[in-house]
Structure formats: C-alpha cells, structure tokens
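For reference, the structures are reproduced in the following blocks.
Consider the two complexes below, in which chain A is the common component and chain B and chain C are the respective partners.
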Partner chain A sequence: MLELDSVRAGYDQIEILHGVDLRVDEGEIVALIGSNGAGKTTTMRTICGILSPTAGSITFRGESIDDEPPHDIVRRGIVQVPEDRDLFTDMTVADNLLLGAQTKTAISNREENLTEMYELFPRLEERKNQRAGTMSGGEQQMLTLARALMGEPDLLILDEPSIGLAPQLVEEVFDVVREVHEQGITVLMVEQNVQQTLRLADRGYVMENGRITMSATGTALLEDDSVIEAYLGV
Partner chain B sequence: MSSLDTVRDGYRSFDEREDAPVLKGAVGFGLLAALPYIIEIDVAGMELAAALSLKVLILTLIYAYTAQAWNIMSGYTGQFSFGHAAFFGIGAYATQALVVDYAINPWFGMFVGGGVAALYGLLIGFLSFRFNLRGHYFALATLAFAELVRFVIVNMSELHGANGYFKPFPRDYDAAYGLLAFQFESDLPYYYLILGFLLVVTVVSWAVKNSWIGLYFFAIREDERAASSVGVPAFRYKLLGIAISAFFTALGGAYWSMYFNTIRPDTVFALFKNVELLLPAVVGGPGTVVGPIIGSFIVTPMSEIARTSFTGINGLDRVIYGAFLIVIVIYSPRGVVSWPERGRALYRRVRGSGGEE
Partner chain C sequence: MRLVSSVALSLPLQGGGLGRFVDPFVQFVIDVVNMEAVLLQLLVFGLLLGGVYALTALGLTMIFGVMDVINFAHGAFLVVGMYTVWLASTTVGLSPFLGIPLAAVVLFVLGVVVHVLTVEPIIEAPQQNQLIATLGVLFIVQSGIEILFSPDPQQVSLSLGSIELGGVFVPRGQLYALLIALGTMLAVRALLNRTDLGRRIRGTANNREGARYVGINVPRINYLTFGIGAALAGIAGGSIALFQRFDPFTGETYLINAFVIVILGGLGSFPGAFVGGLIIGLIQVFGGYYLPGTTAQVLIFLLFIGTLLVKPEGLFGGAGA
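Let's turn to the complex of A and B:
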C-alpha cells in the first residue's frame, strides 16, 4: 500500500533520513520505534508531504507521491495525527472536526461521521461548541484523532499519539487505535510506549540515525534482545 | 429571577432560533434605512443632523462597505492587505474612463472594474503567496502594488494623468438622472443605493463565513501549516479570498466615483486611502460580520467631527483622530464588538461567580 524506497530527506542542508526503506501493507498495523532524534517524525512528515524527499521514492498504491503537497496527499487517503496535534485552538471542537473531512466522500458523509465520532468520544460532544484550546491535553489528543478519522483515511499515520497523556488515557488511545484498525483502516504509528505498541502491531521497524536497522513482526521484536535492552529498559 | 435575567433568557432563546441572523440583519438594516429620518428628529431643540449630516452618513456607509469587503479577505483569512486602494481606485477609474471616454453606462463600467480588480488581486496573491509572503511582508507587498498603480496612472495621459476625471452629466451618456444612470439629483437616493451595496456585501460576507469556504478561511488564519496538513488547499483559498475582496472593493470605488464629482490618482489611490478603507473593520472587529459596520459608525463620523471642529491648527484633526485609533487598537485588538463580552466577563469577575466560561 505504502512503500518508501531509500528515501533521503531533511531540513535545509541537514540530512536526517539517509535512505529509509519501509513498507506498509493493506490492513496492517505497522510500528516505527527508535530513540529520540532517530528520524521517526521526519519520516512521518516526509510521507505526508510536509517535507519532500531529496532522493528515493515514496509510492502509495503504486503511484508516486514524492512531490505532492500535503493537501493532495490527504485527498489520497493518507491522514496524519501529528505529534504537535496542530489543532485550531481558537475554533470550536465541531469546526475542528468538520475540517477533518476533505475528500469528496468524507465531505458527503460528514454528518454521519460526526455522530459516530461523538459516540466514540462522548467528551467531544459535550464540548462541541467550546474552543478547542480550552480543553485538556487528553481531550485535545482525542479531538486530533477524531479529526483524522473524519477524513475517512485508508492509511492513518499516528505520531506519538499517547505523548504526555496520563496512563488511563494512554490506554484509551490504544483502544481507539485497535477499534479503528478493526474497521479496516491501515495504521502506521510511531510510539514511545514500545511494549504496548509492538504487542498491537503486526510488524515493526527499528530506526537508528536515519536508517532502518531492524524489521520483524511485532512479537519477534518484543523478544529480541537488542530491542529489549535499548527500548524496554530491562 | 430578576427582570434582567428574564430579558437575557428571552434573548438567548431568540438567539437559538434558526432565523435569528436573518431577523437581526433585518432589524439592523431597517434601522439604517430609517437613519436619514432619525437624525432629523428634534430632541429638546437639538437634532442629530447638526453633527451628522446625510453626507457623513453616506461616507460612513461607503467605508462600512469597503471595510466589509476587506474583511472577507483580511479579516477571515488573516492575510492583512494594506493595499486595497488599488482595487478601490481600479473600480473608480474603470467606471469613469468608460463613461467619460466611451459613454458606456457606469453600471457596466463598475463590473468591468470589479473584474479587472479581481484579476489584479489574483496577480498580487499569486506572486505573494507563491513566495510565501506573510504578515508584515505581505502587507508591504500589497501596499507596493497599490502605489504601483497610482504611479502608472499619474504617468498615463490616456487616463488623464494626474488630472483625473470629472464625472459627466447623465445626458452625456444618453441617460436621465435615476438609478439606471447611477446619478441622482439629491443625496437621499445615493444613501439608499450605498445601503443596498452594503446589504449585498454583508450577505455575501455572512454566507462566506457560514459556509465551507469560511471554515477554510478561518483555519488558514489560525494556522496555515496545520490547515494544509489536514488537507486545506491554502494557496487556492487565499487566492479566492483576495479575488472576492478585490471585486467588491472595486464596486465601492465605482460608487465613490459616481457620488463625488472628480477622481484623481491622489484621491482614490491615496496612501491614506489604504488605511481608510480597512480601518472600520479593524476598529469594529476583524473577522466578524457586524464589526466593519459598527466600526465605520465610530471611525467615519469621528474623523468628520475632528475635521470640522479643529480647523484652527492644520493637521490637528488627524492627530486627535490618530490618538483615538491608537487607543482603540491597543486596548481592543478584537474590536468594539468584543466589548459586551468583555463587559460581561468583568461583571462576573467583580461579582465573584465563575459563570459558565
């Protein structure tokens, strides 16, 4: 479904990704783990078109998306939940959700999807006329997730969805990811909760210094000694 | 429950009605329609008309109109234009050039001006947005584009250079005084005509704000990068904003040229015109639909009163007017329309109850 072939990318003159190969198949949950500064967020941004690769290729369903602007990539069905949330804090919760619907079908289904999101996240319905910036961090994270789902993505990209959240909210985020996946949405996620993520993921990649250093099934990675030592802190 | 609460509840239930905006608009515009008569009512030997003439009211509505047009772009999308005189002047010049030199009806010329201004807006937008000009830099670029038109026209004898145009008589283009000729023999019809213009642009502004387009505009205003990463084609929508805004601003310029007797590059393209056109929106409340109208009723009469009251020292009126504006802009960046809400917040804080905030 999504394929990165020796992708190089970075900011200005500084190259961060030195040739990343990564693949996501339809229906999978794929995890990307690695230490801070390994290039995980840069990888996500490059896929979403916020950065463009300087070399290598990115294809989605066989078509190249290297040079497309972010808004066209969204229209192809790749929706991102960015690490910094990117909410419109001065706009209402409902308006934020409506902005998530961008493709033709998502726009025509937006009323039903809105109802569905309010069922999935009842807190958002209570606060629908409130400004997004006035909500707690956990609620904002839920809103970001819900906004992404309003776009009816085929591939949902999550960058640290549980960052800075209280443990029970982390649990909630993982529940949502599981539920979303059961509805047939493919997921690519970056997470710091390595153990939980690998247990959920079909496959995982380990990233170090801008390269993929290991790739295996989630359970295999969980049992790998170097992964245990580096990321599970045992 | 105090009677004040009853009123408040009554208003709240009215506010929730689906047709509330239409009813409010009808009341507001009804009031504006009655205004020329209201100012002549004699209260204890004084009438408002002494300070507020029909001419000032017309000027007030012209600037309410242009501020509303400016607001659709700059208030909604946050791309602050400081060069709307370009569009205003193009509207005025297209109308006059066609009616004076070719005896073409001013209504037609007005729409030609609107089209040319929209194209010029697209050019400005295309160049500025392509190269990611933002904030102050974008504002300065728009100002430069406005000055550019002024200099070009001053040096074009085909457009009468610095002398500008004298408005012709209706018979010069085979018309009689009346709506069709865009000329009247008294001020009152002019007042209702600009009121009609204001109504149209306000309805457009309201419709844009409550549509899909408005949602995109406000998302761009708040965080353009975030907007494009959720999928808003920001570049295209910023161009749409500037085109709509330029078109309507030009119609205002056309009206101006048919109301006053002359236009010159240093009147319709004046540096200060850029300020006058947008000021009511900034004072009233940028990004709101009523802000530009309320703002104009503060700014325009203020400016006229300052001009007629301080005739002794040259320029003193501008100083006083300027000081007044600085105070408003510093203490109320969200405009006059935010005052009731701020008042309520203050009241709640003084009373010590949290309210539903």
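Let's turn to the complex of A and C:
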C-alpha cells in the first residue's frame, strides 16, 4: 500500500533521513520505534508531504506521491495525527471535527461521521461548542484522533498518539487504534510505549540515526535482545 | 453655565506655549459639560468616518491573520478601487453604486495576481520580505496610476447632498459609504462563520500546519484570502470615492490609519478592526475640530505607540481571526 524506497529528507541543509526503506501493506498495523532524534517524526512528515524527500521515492498504491502537496496526499487517503497535535485551538471542537473532512466523500459523509465520532468520544460531544485549546491534554488528543478519522483515511498515521497522557488515557488511545483497525483502516504508528505497540502491531521497524536498522513481526521484535535492551529497559 | 463660559474666556491668559495643546482638551471638557450640540454632530461625523476606516482595515487584518503578511499593497488596492469607480462613472456613465461591486471584482482579480506573482513565491521567507515586496507593488501601482491619469485629484460627480436629523447634518455620500461598509463587514462575517470556505480560512489562520495536516489546500486559501482582502480594499476605496476627492497617493494616508487600526484592535482580529476603526474615526473628527492643524494625526500616532507599549497584542488580540 505504502512504500518508501531509500528516502532521504531533512530540514534546510541538514539531512535527517539517510535512506529509509519502509513498507505498509493493506490492513496492517505497522509500528515504527526508535530513540528520540532517530528521525521517526521526520519520516511521518515526509510521507504526508509536509517535507519533500531530497532523494528516493514514496509510492502509495503504486503511484508516486513524493512531490505532492499535503492536501493531495490527504485526498489519496493518507491522514496523519501529528505529534504536536496541531489542533485549531481557537476554534470549537465541532469546527475542528468539521475541518477534518476535506475530501469530497468525507465532506458528503461528514454529518454521519460526526455522529459516529461523538459516539466514539462522548467527551467531545459534551464539549462540542468549547474552544479546543481550553480542553485537557487527553481530550485534545482524542479530538486530534477524531479529526483525522473525519477525513476517512485508508491509511492512518499516528505520531506518538499517547505522548504525555495518563496511563488510563493511553489505554483508551490503544483501544481506539484497535477499533479503527477493525473497521479496515490500515495503521502506521510511531509510539514510545514500545511493548504495548509491538504487541498490537503486525510488523515493526526499528529506526536509528535516520536509517531502518531492523524489521520483523511485532512479536519477533518483542523477543529480540537488542530491542529489549534499547527500548524495553530490561 | 455662566461660570463655565467665564472659565473659557480666561483660558488664553493662563495658556503659555503648552496651553495651545492643553486648551483644546479643556475646551472639549467644557463643551461636554455644556452639552454643546456640536458634540453630537462631531460624533456622527466620527462614526461615519470610523465605519469606512474599519472597512479599510478589514482586508489588511484578514490577510495578516491568515498568512502573517504585512500587505503594503493594500494602500494601492484602495486607490485602484477609487479610480475604478471614477473611471467607470466618467467613461461609460456607470453609477458609482454599481462601480463599487465592479471595483470589488477588479480588485479580487488584481489581488490574486499580485499574490501569485509577489507573495506566494516568498511566503515561507521571513516577514520583512513580503513587506518589501508589497511596498514595491504600492509604488508601482501608484506611479502607474499617476502616469495614466495624472497626479491631479479626481472626484466622482455625485451631488448627493445631505439629510438633517434633529439639527445634525448627515452627508448622504458618507452615510452610504458607512452603510456599504457595515453591509460588507456583515457579509464577510457571514462568509467566515457560516461557510465551509470561511471555516477553512479561519482554520488556516489559526494553525497553518494543522490546516496542511487535515488536507486544506493552503496555497489556495492564501490566494483566495489575498483576493478577498483586496476586494475589501476595492469596496472601501470605492466608498471613499463617494464623499472625497482623491489622487494616486490618497491610499497612503488611509493605509497608515489602517495599520494603526489593525495594531490597536489586534492583528488578525475582526472585532478589533471594527472598534479600532471607530476609535480612529472619532479621534480624527474630534481632533480635527478641537486641535490645531494636523495635531489629530499626532494623537493617532501617540495612541499607536501607546498600544505597542501597554498592550502590544491590541484590544482584541490573541482571540483569533
């Protein structure tokens, strides 16, 4: 479904990704793990067209997307939950959700999707007329997830969706990911809760210094000594 | 009553050099105490002017709110609006009231063209770049108009007269300009708050990165906003032409006041532009009546500097577009 082939990218003159190879198949949950500064977020930003690769190629369903602007990539069905959320903090919760729907089909289905989101996240319905910026971190994270789902993604990219959340909220985020996946949405996620993520994921990649250094099934990575030592703190 | 007038009479005696600047304020207070009829007249003039000022600031604040661009070309857009109405009226005899919507269309197109050619290529560059580029556009357009139509003042021949309401004169030209300004502001408000495009514009103004993540075509929002901002300047310029003579450089004065209004009200704020416009209009009218020469403009700049010192985010700053 999504394929990155020797992708290089970075900011200004500084290259962060030194040739990343990564693949996500239809229906999978794929995890990307690695330490801070390894280039995980840069990879996610490059897939979504916020950054352009300087070399290599990114294809989605066999078509090249590496020179496309973000809105065209969203139209193809790739929607991201960015690490810093990037909510419309001065606007209402309802406005944020409505803004999540930008493609033709997402706009025509948005009333039903809105109802669905309010069922999935009852807190958001209670706060629909409240400014997004006034909500708690957990509520904001749920809103970011719901906003992305309003875009009817085929591939949902999650960049640290549980960052800074209390344990029971982390659980809630993982529940949502599971539910979303059951509805047939493919998931690519970056997560710091390595153990939980790898248990959920079909496959995982380990990233170090802008390169993929390991790739295996989630369970195989969970049992790998170097992964255990570096990321599971045992 | 008599006591107060005797105070007024004694004023020149106590006023030395400084008195020239203090006396007008004292006189103003005396007039307020006496409830002079002139105050009501000045208030009406101030509100009439303020409404139009608010409209001149609206496009400026909108463009800043969405893309953080300080658009000096706005002054040129105002002038093109004035000349469009004038040209349509003098050449094909189009009524200025139809010339104003025409100016909106002309300016929308001009705004999009200016944006695509000068702003979009450097939109990611630091702010001073767009400021200099749009200042260049201002000079080019002003000179272009000067070459085409001479630097002489022009005026739209309209004898609208005025209405009198309870001893207060309301010039029809200014009244219509105010009504057009109010109507336009309500329309823009409805566009922003009640349409999908408006929601996208507000979203892009609030968080450009977020807008890109959800799939809003941000470059398109940019040029549409620039076009709408320019169209608002066209309507403002056309309305000003209803009651004032103008030359290729009239836009500059309005531009400077528009900047003061935008800072006073809060960059990117709509209610700010409206309230700021009224405040500046009132200061200009009252100042013009009480203060010597062009001291009113000094007062406006003092207010500008004071805002930056005391409340740099402006009256309605930080609340979004």
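In this text, the second predicted complex is superposed on the first by the 234 of 234 C-alpha atoms of A that agree within 3 Å, B and C clash if a C-alpha of one lies under 4 Å from a C-alpha of the other, contacts with A are read in each partner's own complex, and residues count from 1 in each chain.
Throughout what follows, a residue touches a chain if its C-beta (ideal position, glycine included) is under 8 Å from a C-beta of that chain, and two chains touch if they have at least 3 such contacts.
Everything numeric here is computed off the predicted structure, so don't read it as measured data.
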{"item": "Simultaneous placement of chain C and chain B on chain A, clash or fit", "value": "clash"}
{"item": "Partner chain in contact with A:S35 - chain B first, chain C second, else both or neither", "value": "neither"}
{"item": "First (chain B), second (chain C), both or neither touched by A:C48", "value": "both"}
{"item": "Touching partner for A:L99 - first (chain B), second (chain C), both, neither", "value": "both"}
{"item": "Which of chain B and chain C A:M91 touches, first, second, both or neither", "value": "both"}
{"item": "Chain B versus chain C as contact partner of A:P69, first or second or both or neither", "value": "both"}
{"item": "Touching both chain B and chain C, residues of chain A", "value": "48, 50, 69-71, 74-75, 79-80, 82, 86-91, 95, 98-100, 102-103, 147, 151"}
{"item": "Of all residues in chain C, those that touch chain A in their complex", "value": "196, 199-200, 202-203, 206-207, 209-219, 319-320"}
{"item": "For the chain A and chain C complex, residues of the former touching the latter", "value": "48-50, 69-71, 73-75, 79-80, 82, 85-91, 95, 98-100, 102-103, 107, 147-148, 151"}
{"item": "Chain B contact footprint on chain A (complex, rising order)", "value": "48, 50, 69-71, 74-75, 79-80, 82, 86-91, 95, 98-100, 102-103, 147, 151"}
{"item": "Interfacial residue positions of chain B with respect to chain A in the complex", "value": "215-216, 218-219, 222-223, 225-234"}
